[in-house]
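Please read through the structure below; I'll follow up with questions.
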(Lines give C-alpha, C1' and ligand atoms only; values in the text may rest on other atoms or scores of the structure.)
Protein backbone atom coordinates (compact mmCIF):
# COMPACT_ATOMS: atom_id res chain seq x y z
CA UNK A 1 0.00 0.00 0.00
CA UNK A 2 0.94 3.64 -0.10
CA UNK A 3 -0.23 6.78 1.57
CA UNK A 4 -1.71 9.48 -0.60
CA UNK A 5 -3.86 12.56 -0.60
CA UNK A 6 -7.22 12.79 -2.33
CA UNK A 7 -6.96 15.73 -4.69
CA UNK A 8 -10.03 15.39 -6.87
CA UNK A 9 -12.43 13.07 -8.63
CA UNK A 10 -13.27 11.95 -12.13
CA UNK A 11 -16.71 12.25 -13.68
CA UNK A 12 -17.33 9.59 -16.32
CA UNK A 13 -20.81 8.94 -17.62
CA UNK A 14 -19.81 6.39 -20.24
CA UNK A 15 -18.01 3.61 -18.40
CA UNK A 16 -17.84 -0.13 -17.84
CA UNK A 17 -21.20 -0.82 -16.21
CA UNK A 18 -19.55 -2.63 -13.32
CA UNK A 19 -18.04 0.71 -12.27
CA UNK A 20 -21.46 2.30 -11.76
CA UNK A 21 -21.83 3.19 -8.10
CA UNK A 22 -18.09 3.45 -7.48
CA UNK A 23 -16.64 6.93 -6.95
CA UNK A 24 -13.43 7.51 -8.88
CA UNK A 25 -11.09 9.57 -6.72
CA UNK A 26 -7.83 11.14 -7.84
CA UNK A 27 -5.00 10.39 -5.43
CA UNK A 28 -1.60 12.05 -5.18
CA UNK A 29 0.91 9.53 -3.80
CA UNK A 30 2.93 10.65 -0.78
CA UNK A 31 6.27 9.48 0.55
CA UNK A 32 7.87 9.83 3.96
CA UNK A 33 11.35 11.30 3.85
CA UNK A 34 13.30 11.82 7.10
CA UNK A 35 10.13 12.29 9.07
CA UNK A 36 8.33 14.63 6.69
CA UNK A 37 5.69 13.82 4.10
CA UNK A 38 5.93 14.96 0.49
CA UNK A 39 4.24 14.29 -2.88
CA UNK A 40 5.86 11.46 -4.85
CA UNK A 41 5.11 10.70 -8.47
CA UNK A 42 2.03 10.95 -10.63
CA UNK A 43 -1.61 10.82 -9.60
CA UNK A 44 -3.78 7.74 -9.92
CA UNK A 45 -7.51 7.01 -9.84
CA UNK A 46 -8.91 4.80 -7.07
CA UNK A 47 -12.27 3.55 -5.92
CA UNK A 48 -13.11 4.16 -2.28
CA UNK A 49 -14.06 1.73 0.46
CA UNK A 50 -14.13 4.14 3.38
CA UNK A 51 -15.85 7.38 2.42
CA UNK A 52 -12.74 9.50 1.82
CA UNK A 53 -13.10 13.13 0.78
CA UNK A 54 -10.97 15.66 -1.06
CA UNK A 55 -8.03 16.81 1.02
CA UNK A 56 -7.89 13.72 3.22
CA UNK A 57 -4.80 11.58 3.63
CA UNK A 58 -5.50 7.94 2.86
CA UNK A 59 -3.99 4.49 2.51
CA UNK A 60 -4.61 2.85 -0.85
CA UNK A 61 -3.89 -0.53 -2.35
CA UNK A 62 -2.92 -1.22 -5.97
CA UNK A 63 -3.16 -4.09 -8.40
CA UNK A 64 -5.14 -7.29 -8.18
CA UNK A 65 -5.65 -6.95 -4.40
CA UNK A 66 -7.85 -3.91 -5.12
CA UNK A 67 -10.37 -6.29 -6.65
CA UNK A 68 -11.14 -7.38 -3.10
CA UNK A 69 -12.53 -3.92 -2.50
CA UNK A 70 -14.62 -3.98 -5.67
CA UNK A 71 -16.27 -7.04 -4.22
CA UNK A 72 -19.40 -8.39 -5.79
CA UNK A 73 -19.62 -5.55 -8.31
CA UNK A 74 -16.92 -7.32 -10.27
CA UNK A 75 -15.60 -3.90 -11.28
CA UNK A 76 -12.32 -3.89 -13.23
CA UNK A 77 -10.24 -1.72 -10.87
CA UNK A 78 -6.56 -1.65 -9.95
CA UNK A 79 -6.54 0.80 -7.04
CA UNK A 80 -8.72 1.28 -3.97
CA UNK A 81 -8.66 3.46 -0.89
CA UNK A 82 -8.75 1.22 2.19
CA UNK A 83 -8.17 3.61 5.09
CA UNK A 84 -8.25 7.22 6.28
CA UNK A 85 -4.97 8.22 7.91
CA UNK A 86 -5.29 9.64 11.42
CA UNK A 87 -1.57 10.19 11.68
CA UNK A 88 1.77 9.02 10.40
CA UNK A 89 4.31 8.15 13.08
CA UNK A 90 7.71 8.47 11.45
CA UNK A 91 10.36 9.92 13.69
CA UNK A 92 13.18 11.68 11.87
CA UNK A 93 16.21 9.43 12.13
CA UNK A 94 19.23 10.67 14.06
CA UNK A 95 21.90 12.23 11.90
CA UNK A 96 24.47 9.66 10.87
CA UNK B 1 -6.60 3.27 -12.60
CA UNK B 2 -5.17 6.32 -14.30
CA UNK B 3 -6.47 8.99 -16.58
CA UNK B 4 -4.96 9.20 -20.04
CA UNK B 5 -5.50 10.52 -23.52
CA UNK B 6 -5.97 8.32 -26.57
CA UNK B 7 -3.29 9.39 -29.04
CA UNK B 8 -3.38 6.65 -31.64
CA UNK B 9 -3.85 3.00 -32.41
CA UNK B 10 -1.78 -0.02 -33.36
CA UNK B 11 -2.43 -2.09 -36.47
CA UNK B 12 -1.27 -5.69 -36.04
CA UNK B 13 -2.36 -8.38 -38.47
CA UNK B 14 -0.27 -11.18 -36.96
CA UNK B 15 -1.33 -11.47 -33.35
CA UNK B 16 -2.49 -13.85 -30.66
CA UNK B 17 -5.84 -14.98 -32.04
CA UNK B 18 -7.60 -14.09 -28.81
CA UNK B 19 -6.85 -10.43 -29.57
CA UNK B 20 -8.85 -10.51 -32.81
CA UNK B 21 -11.77 -8.12 -32.47
CA UNK B 22 -10.08 -5.97 -29.84
CA UNK B 23 -8.92 -2.50 -30.89
CA UNK B 24 -5.45 -1.67 -29.61
CA UNK B 25 -5.38 2.00 -28.61
CA UNK B 26 -2.30 4.00 -27.68
CA UNK B 27 -2.79 5.93 -24.46
CA UNK B 28 -0.69 8.77 -23.07
CA UNK B 29 -0.93 8.74 -19.25
CA UNK B 30 -1.95 12.00 -17.60
CA UNK B 31 -1.37 13.31 -14.09
CA UNK B 32 -3.10 16.03 -12.12
CA UNK B 33 -0.72 18.56 -10.66
CA UNK B 34 -2.06 21.47 -8.60
CA UNK B 35 -5.33 21.46 -10.50
CA UNK B 36 -3.95 21.15 -14.01
CA UNK B 37 -3.56 18.06 -16.15
CA UNK B 38 -0.30 17.14 -17.86
CA UNK B 39 1.27 14.15 -19.69
CA UNK B 40 3.13 11.77 -17.37
CA UNK B 41 5.42 9.02 -18.56
CA UNK B 42 5.44 6.73 -21.56
CA UNK B 43 2.53 5.58 -23.69
CA UNK B 44 0.89 2.18 -23.34
CA UNK B 45 -1.46 0.07 -25.45
CA UNK B 46 -4.93 -0.74 -24.14
CA UNK B 47 -8.02 -2.53 -25.33
CA UNK B 48 -11.25 -0.58 -25.14
CA UNK B 49 -14.51 -1.36 -23.38
CA UNK B 50 -16.33 1.89 -24.04
CA UNK B 51 -15.80 3.02 -27.63
CA UNK B 52 -13.11 5.63 -27.00
CA UNK B 53 -11.68 7.60 -29.89
CA UNK B 54 -8.45 9.44 -30.63
CA UNK B 55 -8.19 12.66 -28.64
CA UNK B 56 -10.55 11.58 -25.87
CA UNK B 57 -9.59 11.58 -22.21
CA UNK B 58 -10.21 8.19 -20.61
CA UNK B 59 -9.84 6.13 -17.45
CA UNK B 60 -7.88 2.91 -17.91
CA UNK B 61 -7.05 -0.03 -15.72
CA UNK B 62 -3.76 -1.98 -15.75
CA UNK B 63 -2.60 -5.45 -14.85
CA UNK B 64 -4.61 -8.55 -14.13
CA UNK B 65 -7.84 -6.58 -13.49
CA UNK B 66 -7.82 -5.68 -17.20
CA UNK B 67 -8.57 -9.33 -17.94
CA UNK B 68 -12.06 -8.64 -16.65
CA UNK B 69 -12.55 -6.38 -19.64
CA UNK B 70 -11.22 -8.98 -22.08
CA UNK B 71 -14.01 -11.19 -20.83
CA UNK B 72 -14.82 -14.38 -22.64
CA UNK B 73 -12.31 -13.69 -25.41
CA UNK B 74 -9.62 -14.82 -22.99
CA UNK B 75 -7.30 -12.26 -24.58
CA UNK B 76 -3.90 -11.80 -22.92
CA UNK B 77 -4.11 -8.07 -22.11
CA UNK B 78 -2.73 -5.95 -19.29
CA UNK B 79 -4.51 -2.63 -19.92
CA UNK B 80 -8.08 -1.64 -20.77
CA UNK B 81 -10.00 1.58 -21.14
CA UNK B 82 -12.99 1.49 -18.80
CA UNK B 83 -14.43 5.00 -18.98
CA UNK B 84 -14.63 8.23 -20.99
CA UNK B 85 -13.85 11.25 -18.82
CA UNK B 86 -16.50 13.97 -18.81
CA UNK B 87 -14.49 16.13 -16.49
CA UNK B 88 -11.85 16.08 -13.81
CA UNK B 89 -12.74 17.93 -10.64
CA UNK B 90 -9.46 18.82 -8.98
CA UNK B 91 -9.41 22.21 -7.35
CA UNK B 92 -5.98 23.79 -7.10
CA UNK B 93 -4.97 23.62 -3.45
CA UNK B 94 -4.49 26.85 -1.55
CA UNK B 95 -0.92 28.08 -1.39
CA UNK B 96 0.80 26.76 1.71
CA UNK C 1 0.42 -3.71 -23.32
CA UNK C 2 3.26 -1.73 -24.80
CA UNK C 3 4.94 -1.51 -28.14
CA UNK C 4 8.59 -2.49 -28.33
CA UNK C 5 11.35 -3.54 -30.65
CA UNK C 6 13.00 -6.94 -30.53
CA UNK C 7 16.72 -6.26 -30.13
CA UNK C 8 18.14 -9.66 -29.27
CA UNK C 9 17.66 -12.95 -27.50
CA UNK C 10 18.93 -14.76 -24.44
CA UNK C 11 20.57 -18.18 -24.54
CA UNK C 12 20.08 -20.10 -21.29
CA UNK C 13 20.80 -23.80 -21.11
CA UNK C 14 20.16 -24.16 -17.39
CA UNK C 15 16.62 -22.98 -16.77
CA UNK C 16 13.30 -23.85 -15.23
CA UNK C 17 12.25 -26.86 -17.28
CA UNK C 18 8.89 -25.32 -18.06
CA UNK C 19 10.72 -22.68 -20.11
CA UNK C 20 12.16 -25.28 -22.49
CA UNK C 21 10.77 -24.63 -25.95
CA UNK C 22 10.11 -20.95 -25.30
CA UNK C 23 12.38 -18.43 -27.05
CA UNK C 24 13.51 -15.63 -24.76
CA UNK C 25 13.56 -12.40 -26.73
CA UNK C 26 15.00 -9.10 -25.55
CA UNK C 27 12.60 -6.22 -26.11
CA UNK C 28 13.31 -2.49 -26.02
CA UNK C 29 10.13 -0.65 -24.95
CA UNK C 30 8.98 2.16 -27.23
CA UNK C 31 6.80 5.19 -26.54
CA UNK C 32 4.85 7.44 -28.87
CA UNK C 33 5.60 11.11 -28.37
CA UNK C 34 3.85 13.71 -30.52
CA UNK C 35 3.50 11.31 -33.41
CA UNK C 36 7.01 9.87 -33.35
CA UNK C 37 8.25 6.65 -31.79
CA UNK C 38 11.25 6.51 -29.46
CA UNK C 39 12.92 4.08 -27.02
CA UNK C 40 11.60 4.33 -23.47
CA UNK C 41 13.22 2.69 -20.49
CA UNK C 42 15.13 -0.52 -19.95
CA UNK C 43 14.91 -3.75 -21.92
CA UNK C 44 12.96 -6.78 -20.79
CA UNK C 45 12.84 -10.47 -21.74
CA UNK C 46 9.65 -11.90 -23.24
CA UNK C 47 8.45 -15.19 -24.63
CA UNK C 48 6.93 -15.06 -28.09
CA UNK C 49 3.51 -16.17 -29.31
CA UNK C 50 3.73 -14.91 -32.86
CA UNK C 51 7.12 -15.70 -34.38
CA UNK C 52 8.72 -12.28 -33.96
CA UNK C 53 12.28 -11.70 -35.13
CA UNK C 54 15.09 -9.31 -34.30
CA UNK C 55 14.37 -5.80 -35.53
CA UNK C 56 10.60 -6.20 -35.61
CA UNK C 57 8.22 -3.90 -33.77
CA UNK C 58 5.85 -5.82 -31.53
CA UNK C 59 3.09 -5.53 -28.96
CA UNK C 60 3.85 -7.29 -25.68
CA UNK C 61 1.92 -7.95 -22.49
CA UNK C 62 3.37 -7.96 -18.96
CA UNK C 63 2.54 -9.54 -15.65
CA UNK C 64 0.13 -12.33 -14.84
CA UNK C 65 -1.75 -11.97 -18.15
CA UNK C 66 1.40 -13.20 -19.90
CA UNK C 67 0.76 -16.60 -18.31
CA UNK C 68 -2.09 -16.96 -20.80
CA UNK C 69 0.52 -17.06 -23.53
CA UNK C 70 2.63 -19.64 -21.72
CA UNK C 71 -0.43 -21.84 -21.83
CA UNK C 72 -0.16 -25.50 -20.96
CA UNK C 73 3.61 -25.31 -20.52
CA UNK C 74 2.97 -23.70 -17.14
CA UNK C 75 6.10 -21.63 -17.67
CA UNK C 76 6.81 -18.94 -15.05
CA UNK C 77 6.87 -15.88 -17.32
CA UNK C 78 5.87 -12.26 -16.84
CA UNK C 79 6.11 -10.93 -20.40
CA UNK C 80 5.00 -12.20 -23.79
CA UNK C 81 4.92 -10.86 -27.32
CA UNK C 82 1.35 -11.02 -28.61
CA UNK C 83 1.46 -9.18 -31.93
CA UNK C 84 3.66 -7.93 -34.75
CA UNK C 85 3.05 -4.24 -35.45
CA UNK C 86 2.15 -3.41 -39.05
CA UNK C 87 1.93 0.27 -38.29
CA UNK C 88 1.28 2.78 -35.57
CA UNK C 89 -1.34 5.39 -36.36
CA UNK C 90 -0.62 8.33 -34.11
CA UNK C 91 -1.12 11.69 -35.73
CA UNK C 92 0.96 14.48 -34.27
CA UNK C 93 -1.40 16.69 -32.29
CA UNK C 94 -1.94 20.26 -33.42
CA UNK C 95 0.23 22.78 -31.63
CA UNK C 96 -1.56 24.17 -28.62
CA UNK D 1 11.09 -9.01 -2.94
CA UNK D 2 13.14 -6.06 -1.83
CA UNK D 3 15.04 -5.08 1.25
CA UNK D 4 13.84 -2.04 3.14
CA UNK D 5 13.99 -0.25 6.44
CA UNK D 6 10.99 0.27 8.67
CA UNK D 7 10.77 4.02 9.25
CA UNK D 8 7.36 4.47 10.81
CA UNK D 9 3.76 3.36 10.98
CA UNK D 10 0.34 4.59 9.94
CA UNK D 11 -2.55 5.05 12.35
CA UNK D 12 -5.91 4.62 10.62
CA UNK D 13 -9.10 4.21 12.63
CA UNK D 14 -11.46 4.24 9.67
CA UNK D 15 -10.39 1.42 7.39
CA UNK D 16 -11.52 -1.65 5.51
CA UNK D 17 -12.58 -3.94 8.33
CA UNK D 18 -10.43 -6.75 7.01
CA UNK D 19 -7.38 -4.64 7.87
CA UNK D 20 -8.25 -4.56 11.57
CA UNK D 21 -5.51 -6.32 13.50
CA UNK D 22 -2.85 -5.70 10.85
CA UNK D 23 -0.14 -3.16 11.67
CA UNK D 24 0.58 -0.79 8.81
CA UNK D 25 4.33 -0.14 8.70
CA UNK D 26 6.07 2.46 6.56
CA UNK D 27 9.02 0.99 4.68
CA UNK D 28 11.84 2.81 2.93
CA UNK D 29 13.12 0.63 0.06
CA UNK D 30 16.86 -0.02 -0.01
CA UNK D 31 19.16 -1.00 -2.85
CA UNK D 32 22.62 -2.57 -2.84
CA UNK D 33 25.15 -0.64 -4.88
CA UNK D 34 28.74 -1.90 -5.13
CA UNK D 35 28.54 -3.54 -1.73
CA UNK D 36 26.88 -0.69 0.16
CA UNK D 37 23.23 -0.21 1.01
CA UNK D 38 21.33 2.99 0.25
CA UNK D 39 17.73 4.28 0.16
CA UNK D 40 16.03 3.83 -3.21
CA UNK D 41 12.74 5.41 -4.16
CA UNK D 42 9.61 6.29 -2.26
CA UNK D 43 8.21 4.73 0.88
CA UNK D 44 5.40 2.19 0.91
CA UNK D 45 3.03 0.77 3.54
CA UNK D 46 3.21 -2.94 4.38
CA UNK D 47 1.57 -5.33 6.77
CA UNK D 48 3.92 -7.40 8.90
CA UNK D 49 4.22 -11.17 9.28
CA UNK D 50 7.28 -11.28 11.50
CA UNK D 51 7.06 -8.66 14.24
CA UNK D 52 9.32 -6.03 12.68
CA UNK D 53 9.98 -2.76 14.52
CA UNK D 54 11.00 0.74 13.56
CA UNK D 55 14.63 0.91 12.47
CA UNK D 56 14.89 -2.74 11.47
CA UNK D 57 15.98 -3.88 8.04
CA UNK D 58 13.45 -6.24 6.47
CA UNK D 59 12.55 -8.21 3.36
CA UNK D 60 9.13 -7.40 1.94
CA UNK D 61 7.01 -8.77 -0.87
CA UNK D 62 4.72 -6.74 -3.14
CA UNK D 63 1.63 -7.34 -5.20
CA UNK D 64 -0.72 -10.28 -5.22
CA UNK D 65 1.76 -12.57 -3.43
CA UNK D 66 1.35 -10.36 -0.35
CA UNK D 67 -2.18 -11.69 -0.06
CA UNK D 68 -0.62 -14.94 1.13
CA UNK D 69 0.54 -13.08 4.21
CA UNK D 70 -2.88 -11.56 4.84
CA UNK D 71 -4.14 -15.10 5.02
CA UNK D 72 -7.60 -15.80 6.33
CA UNK D 73 -8.24 -12.14 7.16
CA UNK D 74 -8.85 -11.58 3.46
CA UNK D 75 -7.32 -8.13 3.85
CA UNK D 76 -6.83 -6.13 0.63
CA UNK D 77 -3.04 -5.59 0.85
CA UNK D 78 -0.31 -5.30 -1.74
CA UNK D 79 2.81 -5.37 0.44
CA UNK D 80 3.94 -7.46 3.39
CA UNK D 81 7.09 -7.82 5.45
CA UNK D 82 8.20 -11.46 5.35
CA UNK D 83 11.61 -11.42 7.05
CA UNK D 84 13.97 -9.55 9.35
CA UNK D 85 17.39 -9.13 7.78
CA UNK D 86 20.30 -10.41 9.87
CA UNK D 87 22.83 -9.35 7.30
CA UNK D 88 23.31 -8.66 3.63
CA UNK D 89 26.24 -10.44 2.01
CA UNK D 90 27.16 -8.42 -1.03
CA UNK D 91 30.87 -8.18 -1.67
CA UNK D 92 31.93 -5.10 -3.57
CA UNK D 93 32.87 -6.22 -7.06
CA UNK D 94 36.49 -5.85 -8.18
CA UNK D 95 37.17 -2.70 -10.15
CA UNK D 96 36.79 -3.35 -13.87
CA UNK E 1 11.35 -11.29 -17.33
CA UNK E 2 14.58 -9.39 -17.09
CA UNK E 3 18.24 -10.21 -17.12
CA UNK E 4 20.21 -9.44 -13.99
CA UNK E 5 23.40 -10.20 -12.13
CA UNK E 6 23.47 -11.92 -8.75
CA UNK E 7 25.41 -9.58 -6.47
CA UNK E 8 24.76 -11.01 -3.02
CA UNK E 9 22.35 -12.73 -0.69
CA UNK E 10 20.23 -11.91 2.32
CA UNK E 11 20.47 -13.78 5.62
CA UNK E 12 17.19 -13.71 7.55
CA UNK E 13 16.63 -16.03 10.47
CA UNK E 14 13.23 -14.63 11.43
CA UNK E 15 11.01 -15.00 8.42
CA UNK E 16 7.71 -16.31 7.13
CA UNK E 17 8.07 -20.04 7.68
CA UNK E 18 7.14 -20.79 4.10
CA UNK E 19 10.39 -19.10 3.03
CA UNK E 20 12.52 -21.61 4.94
CA UNK E 21 14.63 -23.54 2.46
CA UNK E 22 14.56 -20.78 -0.15
CA UNK E 23 17.79 -18.84 -0.73
CA UNK E 24 17.23 -15.09 -1.01
CA UNK E 25 19.55 -13.71 -3.67
CA UNK E 26 20.17 -10.05 -4.40
CA UNK E 27 19.89 -9.27 -8.10
CA UNK E 28 21.06 -6.17 -9.97
CA UNK E 29 18.82 -5.66 -13.02
CA UNK E 30 20.61 -5.27 -16.35
CA UNK E 31 19.50 -3.64 -19.59
CA UNK E 32 20.75 -4.04 -23.13
CA UNK E 33 21.60 -0.76 -24.80
CA UNK E 34 22.88 -0.74 -28.39
CA UNK E 35 24.46 -4.16 -27.99
CA UNK E 36 26.09 -3.63 -24.60
CA UNK E 37 24.81 -4.65 -21.18
CA UNK E 38 24.62 -2.24 -18.25
CA UNK E 39 23.09 -2.03 -14.75
CA UNK E 40 19.58 -0.58 -14.70
CA UNK E 41 17.75 0.46 -11.58
CA UNK E 42 17.69 -0.80 -8.03
CA UNK E 43 18.42 -4.28 -6.73
CA UNK E 44 15.74 -6.78 -5.79
CA UNK E 45 15.61 -10.03 -3.83
CA UNK E 46 14.67 -13.27 -5.61
CA UNK E 47 14.38 -16.92 -4.79
CA UNK E 48 16.28 -19.29 -7.04
CA UNK E 49 15.07 -22.23 -9.10
CA UNK E 50 18.30 -23.05 -10.89
CA UNK E 51 21.25 -22.92 -8.49
CA UNK E 52 22.57 -19.49 -9.42
CA UNK E 53 25.66 -18.12 -7.68
CA UNK E 54 27.09 -14.69 -6.99
CA UNK E 55 28.47 -13.07 -10.11
CA UNK E 56 26.32 -15.05 -12.53
CA UNK E 57 24.03 -13.44 -15.08
CA UNK E 58 20.48 -14.73 -14.79
CA UNK E 59 16.93 -14.41 -16.10
CA UNK E 60 14.36 -13.67 -13.40
CA UNK E 61 10.60 -13.35 -13.31
CA UNK E 62 8.61 -10.90 -11.18
CA UNK E 63 5.14 -10.70 -9.69
CA UNK E 64 2.54 -13.39 -9.34
CA UNK E 65 4.17 -15.66 -11.93
CA UNK E 66 7.07 -16.11 -9.48
CA UNK E 67 4.70 -18.05 -7.26
CA UNK E 68 4.98 -20.85 -9.81
CA UNK E 69 8.61 -21.21 -8.79
CA UNK E 70 7.78 -21.25 -5.08
CA UNK E 71 5.66 -24.26 -5.85
CA UNK E 72 4.29 -26.38 -3.05
CA UNK E 73 6.12 -24.35 -0.38
CA UNK E 74 3.43 -21.71 -0.79
CA UNK E 75 6.08 -19.07 -0.10
CA UNK E 76 4.99 -15.44 -0.49
CA UNK E 77 7.52 -14.34 -3.13
CA UNK E 78 7.37 -11.85 -5.99
CA UNK E 79 10.64 -12.61 -7.80
CA UNK E 80 12.43 -15.79 -8.84
CA UNK E 81 15.48 -16.67 -10.88
CA UNK E 82 14.45 -19.02 -13.68
CA UNK E 83 17.56 -19.33 -15.83
CA UNK E 84 21.34 -18.90 -16.01
CA UNK E 85 22.36 -16.83 -19.01
CA UNK E 86 24.91 -18.47 -21.31
CA UNK E 87 25.01 -15.47 -23.59
CA UNK E 88 23.01 -12.51 -24.78
CA UNK E 89 22.76 -12.14 -28.54
CA UNK E 90 22.03 -8.49 -29.19
CA UNK E 91 23.77 -7.08 -32.22
CA UNK E 92 24.41 -3.36 -32.08
CA UNK E 93 21.99 -1.74 -34.51
CA UNK E 94 23.38 0.06 -37.55
CA UNK E 95 23.76 3.79 -37.08
CA UNK E 96 20.68 5.62 -38.28
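Each chain carries a letter (A, B, C, D and E) given by its place in the written order, and its residues are counted from 1.
We take it that a residue touches a chain if its C-beta (ideal position, glycine included) is under 8 Å from a C-beta of that chain, and two chains touch if they have at least 3 such contacts.
Everything quoted here is computed from the prediction, not taken from an experiment.
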Over half shared or under half: which fits the residue numbers at the contact of copies chain D and chain E, same or different? different
Between the Cα centroids of chain C and chain D the separation in whole angstrom comes to 30
Taking each chain's centre as the mean of its CA atoms, how far is chain A from chain D in angstrom? 19
Among all residues of chain A, which ones touch two or more of the remaining chains? 63-64, 66
What topology does the chain contact graph adopt: line, ring, star, complete, or other? ring
Could you list all chains around the ring, opening with chain C and heading toward chain E first? C, E, D, A, B
In their shared complex, at which residues does chain E touch chain C? 1-3, 29, 31-33, 40-41, 49-51, 59, 61-66, 68-69, 80, 82-91, 93
List of chain A residues in touch with chain B within their complex: 7-16, 18-19, 24, 26, 28, 42-46, 54-55, 63-64, 66-67, 74-79
